[in-house]
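Below you'll find the structures, each written out as structure tokens.
What follows is chain A paired twice: with chain B in the first complex and chain C in the second.
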Partner chain A sequence: MKFDVVIIGGGLAGLTCGISLQRKGRRCAIVSAGQSALHFSSGYFDFLDRTADGKAVENPLDAVSALPEGHPYRKIGVEDLERYMGEVKPLFAGCGIELKGDWSRNCYRITPVGGVCPSWLCLGEFTPFTTAQAEVGRNVMVVNIPGYMDFNARFVAAGLEKRGAACRIVDVTVDELSGLRANPSEMRSSNIARLMDSGHVAVRFAEAVRMKLSGEDAVVLPAVFGLKDSSVPQKVAEIIGVRTEYVATMTPSVPGIRTQMRLRAAFERLGGTYILGDTVMPSEIRDGRVVCLSTVNFGNEKLYADAFVLAAGSFFSNGLAASRECVTEPVFGLDVHAADDRSKWGDMDFFKRQEYIGFGVKSDADFHAVKDGVSVSNLYVAGSVAGGYNPIAEGSGAGTAIMSAMSVAEHIISKIG
Partner chain B sequence: MDNREFDVIVIGGGITGAGTARDCAMRGLKVLLVERMDIATGATGRNHGLLHSGARYAVTDMESAEECIRENMILRKIARHCVEETDGFFITLPEDDLGYQATFAAACNAAGIKAEIIDPGLARRIEPSVNPDLIGAVRVPDGAVDPFRLCAANVMDAKLHGAKVLVYSVVTRIMKEGDTVKGIEVLDTRSGQKSEYYAPITVNAGGIWGNAIAEMAGAHINMFPAKGSLLIFEHRVNNVVINRCRKPANADILVPGDTVSVLGTTSTKIPFEECDGVRVTADEVDLLISEGEKLAPALADTRILRAYAGVRPLVATDDDPSGRSISRGIVLLDHESRDGIRGFVSITGGKLMTYRLMGEWTADLVCKKLGVSQACRTAEVPLPGSEPVSMEKEPKKKIFAKAETGRHGGLASRIRHENELQNSLVCECENVTVGEIEYAEDNLDVNNLVDLRRRTRFGMGVCQGELCACRAAGLLKKAHRCSDEAMDDLKAFIEERWKGLYPVNWGAAMRENEYTQWVYSGMCGFGEYDTEPTE
Partner chain C sequence: MNENFEQCLKCTVCTVYCPVVPVNTDFPGPKQAGPDGERYRLKAGLFYDDTLKYCLNCKRCEVACPSGILIGDIIQKAKMKYGPQKTKLRDAMLAETDFMGSVATVFAPIANPVLAARPVKAVMDSVLKIDHRRTFPKYSGQKFVTWFRKNMAAGQEKYPKKAVYFHGCYVNYNYPALGKDLVAVMNALGYGISLIDGEKCCGTALIANAMGKRALRQARHNVKAIESASDAGRLPVISTSSTCSFTIRDEYPHVLGVDNGKIRENVSLAVKFIYSLVENGEVKLVFKPGYRSKVAYHAPCHMEKLGWNIFSEELLKMIPGLDLTVLDSNCCGIAGTYGFKKENYEKSQAIGKPLFDQIGKVAPDFIACDCETCKWQLEMSTPYKVKNPVTILAEALDLDATAKANNHQ
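Let's look at the complex of A and B:
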């Protein structure tokens, strides 16, 4: 099979790159092994939350110049970054994904445990809070769905109270959920959302919430609405009748799964080929180029392309692999940024910066992957498989994925036409 | 007597203290058991969980071997729910001296340990994971024992016999009048309150920390902390305990226990200052794996769940002031005859296997001093939960019923499953329900998530508590009182989990760790990344 571009990895980076290329008329295939990091999303996209010394960033673009050389943002440069940032909301809107927030400024988000963190843009049901107070209301009713343990109403309420709100935690459920509760492991966000998607259940739930209101000016709900139908969160809010805030749950993330599904659908609508549940086999680089890929399912039927993009994610997604001795990139054996000494891979304190999170493939200024010290002319890296930055420490996971993917798409277009 | 006066105070909530407290309580004494942290947090909870047959000691220490096999047979009767009768092999590999096998088997049989030399081919058929190159195998009655469960059962039975148990209570002072120990001053580390308790006899069962307790009373015991590191593998690689048939060395025992296999140990003398918070080093991990794969080659490719280390309390014999001669067996010190300190006894040395006998000797001495003439019954009376359970009585066949019975034996029937919430699974790896967590918190002295893990196996599966920790944090009673405390507890649990994962952070474990980082440091914004409101 012959494509213009074959992309390894169907997460935020791979899909953004594929959509950008398809929109310019390039024929792409994406090979995806399955879940992506979007499945444990906070519902917010980070761009650059913190400086190296841990201070919250207000204007992300201003903080880019202080990043180390080799950081994906430094490779792209402020000028192009600014252009891409402005394009993100329209790009996602074209895929049926509403993003809120001012792309030139960071916002704040409420965490699943009630804290407040800086962030950048957010999905439609959330609020891009402009201050760290993240004020929801004076008197807030926090909804607990009995038996659903991946949203802790008590933690969320305690956080709101610290920031000055008066909170009341109220149990709300509907009969339809008892089917889930009969099986002890089924009370998951995605299963609840699937039920809520059949409109009348969400309506009944929202009415039950409204019935329990006793003068509160705001309601907080777990973000378990709108797996396929993104209008559900808004409908629920309208029935409740007072300000309704959705707070992200522990994984899996309903808004994240929905986003991933919509990006994939948009890619396919644009003519892209999404190959799901397949894994790329170790492949050869010959004369500084990738000629083709083999996958587990296609066997001898090879995937040929002019350019290839490695957007396979980090360790969790098997884009990188670590043995007791070393860190490797399993498909091409590319050069990686990683400490040789295993004892330097992490910090003994879990909540300190972990170096291994920043490990990844080496790439040149145009995101060409590097093997044995030499750039591979038609292989690019995008997203967290790339090294040179620590997305958790700096809070830049979604931003680096989207920006590097957009940049790679432009490089490919300018190079292969 | 008021509630501060007891017949005997036992310091140390490890297996020795728990066994001693149970024995004393069963003889009708009014007992106070004091533990500075949770029960089973020292060496008790940080070993192989091997139900030694005694074979390991047969050649070098006949007395220990005989004690082991006697206690082994007793535990099979009194602690049925803590014991798995797996049998064990002592294998000879090509690089070992096959001649040792006959000496070994003869010594075992002389000690009363049934040791049978079997054909290596038969050994491979019985235990397919064993190194196929083996040239000799001896079958012995080794087994597996869950030390957390055993310790908890002893504490529970002590309480059923009237003992008072204080956890998270540090002994800050031993009160003396002249040469006589009168009692202890205790600091409750949760409330910050100090209290005094009195008894005519105080027993020091503090393991390696017993060294400092003895010093507080004015006595000196020549102890040496020896660190031993172990690895837990993600599934049961073997069903029969595998040992090397040679003089005891590093990483020569592989024990199956519940859903996992445990490999160990190393042995390194460490300074006393390092006894708290010992960590497993990269070199120890490498040594354990390279030696362990000689027992069972599959270990080379099996995911390691976590690494941990314990500190053995080695005791020098009293007659050797140089401290080079280590007592192998049980060391019971009557400080009255030894040091002229009345009302103070230390029990140390020994092993997990001989805890009951250590308790018996200590209770004998305590009773003698108090003029009580009650006989020991701990070898006959089963521990709570040990009674046989028929699974057929459970017609509902809920997926968690079997797991609960495995963990709590006959006491599992006390776990309430009266509504859907109590049936909800919190930990999906180990099938721990809301009902079981409520039971543990109400009946088993659970103060935090790490305690809960020791009582229920919650968070012990492949995901190591990644998501269930947050669920359980919201369920414990403290979450209802103070969510800050519950959040700190959650963070402490994640740190404790990381302590075991950090030394084995590669492969599948690293994938899991990265995911956990995204969830807790990223999504939840814990730790370094907490951003306080700036306004």
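Let's look at the complex of A and C:
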């Protein structure tokens, strides 16, 4: 089967790249072994939250020049970065995904444990707070859904109180949710959201919240609304009638799943082919090029293309593999940035900077993958499989995924036509 | 792929995509029923939870899992190992497709009206707990195999190439027309067809009904029979049912532990096989000039697990005049014998509802689908007929011109 471009990995990077290419009329296929890291998203896209010494970044573009050479943002360069950043909101809006915030500066978000963190843009139900105070209200009612364990109302309330709000935690539920409670392992965000999507349940829930208000000027709810119908969070807020803030839950992330589904649907609407549940097998690089890929399911039928993109994610998605001795890239055996000294991989203190998070595939200035020290002319890397940066320490996961994907799409178009 | 439940990341992604979870709160969900539950069951089988029977074995959880855990396989194996060892008469009847098929074929003129009659349905409903709202697939008067041997077998030698056809129970007992279409298309492409001596049901229904011993016996038998029919894997073996192909290729080794190494790579689906022939320039398709149809394609769950729906889609797209809509990925709810059981009927219809609704919106001339049980479900739950892509191909092709283009007769 022949395409213009075949992309390995259908998460944020693979889909952004595929959508950009399809919009320019290139025929793409995406092969994705399983669902992506978007299922764990906080609902906020990070671009560059912190400097190397841990200070919150205000204007991400200004901080780019201080990044080490070889960082994906340095490869793209400030000029192109600025252009891509401006294109992100319209690109996602075209896929039915509302992003809020000012792309030229960072915002703040409330974390699932009630703290405050810098971030960049956020999905429609969230608020891009402009100050680190992230004030929700003076008197806040934090809603706990009994039986739902993946949202900790106490932590959130404690965090808000530390920043000067008075909080009251209130249990709210509706009959329709009692079925889920019968099976505690299934009281999950996606199941709650699915029920809420059938309009009347959300309305009844919102009314129940409103009834519990006693003078509060704001409500905090877990982000378990709007799995398919993104208008639900807004409707619920309107019924409640006071300021309503959604706070991210533990996985799975309802806003993240919705985003994944909409990106995929947009890619398919543009004529792209999305193949889920299939794994690209170890493939050959011959004379500095990739000719075709084999997958587990396709058997003898190969996937041919002029260009290939590796957007297979990090360790979590199996885009990288670690053994006791070394870190490898399983599909092509590409060169990988990694500390040679095993003891430098990680810090036993879980909350410290973990070097292994910064491991990833080496690429040249145009994101061509590098094997045995030589660039592969028609293979590009995008997203968290790429090395040269530490997405967790610096807070740059979605930003690097989207920016590298947009850049790779442009390189492919300028090179292959 | 990883059967090792220890590799589970506890990410709960599987739970998001299980079609049973939203409609049946008694079902613990793939993560709990699969890798999490296995941890306990290995300690002591008495942790076995009877609600595992609500699993459809649709494998949607496996398609979604980022770590490649074979969740559905873990659940099916647990059902066989720890579940109730006595099979209900009803489950056995539904699962024994060959036995039921043979009996019913002989009595087709009686069996069809009988299975359709209200009082019979009432008895089946109350005594056997087969839901009275189900329409039964009709049994054909003449088995496909009988037709083939009588009319076609002798002529197959003259074709330059050969392929083996695994027809499955549905083609043999209920719908020989599909088998006839397959033979017509393959002959036009220059392939002579042979059948598998002693072919038995692939056993999918036995697996689903936790009749492990019978399933195992049938799997071993089929692997031997396919080995000898395909000259130890040298000839291509094609089928027209996504579930038959899937069961033989993957359930045999993964769930039943039957080694199919000699034949696995050769067992394919007609759509994939034909697609590859066209793609590699080995055959040409010549279509009828005036063909027109509006088609909605539904990818069966096992087709998505095989990852082969793309071949059906691409093949249908080759047909000029065919206006194709690919329906959203959604289980139709029947899952083989599952939806026939009284306790599952309503859940089964609830699972399929978004699909039925979307089909209504598309308003196609007919639905395309590679699975026979999906066909029953969709024909019962929507006003549209369902055709296998091979049948659509047979209707759209100018078979004589195709035969000429491929240099014979």
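One rule holds in what follows: the second predicted complex is superposed on the first by the 417 of 417 C-alpha atoms of A that agree within 3 Å, B and C clash if a C-alpha of one lies under 4 Å from a C-alpha of the other, contacts with A are read in each partner's own complex, and residues count from 1 in each chain.
Just so we're on the same page, a residue touches a chain if its C-beta (ideal position, glycine included) is under 8 Å from a C-beta of that chain, and two chains touch if they have at least 3 such contacts.
Keep in mind that this is a model prediction, so the values were computed, not measured.
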item	value
Which superposed partner A:61 touches (first chain B, second chain C, both, neither)	neither
Contacts of A:179 with chain B and chain C, given as first, second, both or neither	second
Which of chain B and chain C A:188 touches, first, second, both or neither	second
Partner chain(s) touched by A:117 [first = chain B, second = chain C, both, neither]	first
First, second, both or neither for A:276, with chain B first and chain C second	second
Contacts of A:239 with chain B and chain C, given as first, second, both or neither	neither
Chain B versus chain C as contact partner of A:39, first or second or both or neither	second
Dominant toucher of chain A (residue count), chain B or chain C	B
Partner chain(s) touched by A:318 [first = chain B, second = chain C, both, neither]	both
First, second, both or neither for A:300, with chain B first and chain C second	second
Shared chain A surface residues [contacts with chain B and with chain C]	40, 182, 185, 251, 316, 318
Residues of chain A touching chain B in the complex	37, 40-42, 49-50, 54, 56, 111-118, 131-133, 146-147, 149-150, 152, 154-155, 157-158, 163, 178, 181-182, 184-185, 187, 248, 250-251, 314-316, 318, 321-324, 342-343, 345-346, 348-354, 356-357, 391-393, 395, 397
Residues of chain C defined as touching chain A within the complex	1, 9, 11-13, 15-17, 21-22, 25-29, 31-32, 36, 62-68, 265, 268, 272, 275-276, 279, 304-308, 310-311, 314, 326
Contacting residues of chain B [partner chain A, same complex]	279, 282, 285-286, 289, 398-400, 420-421, 423-426, 428, 433, 467, 470-471, 473-475, 479-480, 483-484, 486-487, 490-491, 494-495, 497-499, 502, 505-507, 510-515, 517-535
Contact footprint of chain C on chain A as seen in their complex	1, 33-36, 39-40, 179-180, 182-183, 185-186, 188, 190-191, 194, 251-252, 257, 268, 273, 275-279, 295-301, 316-318
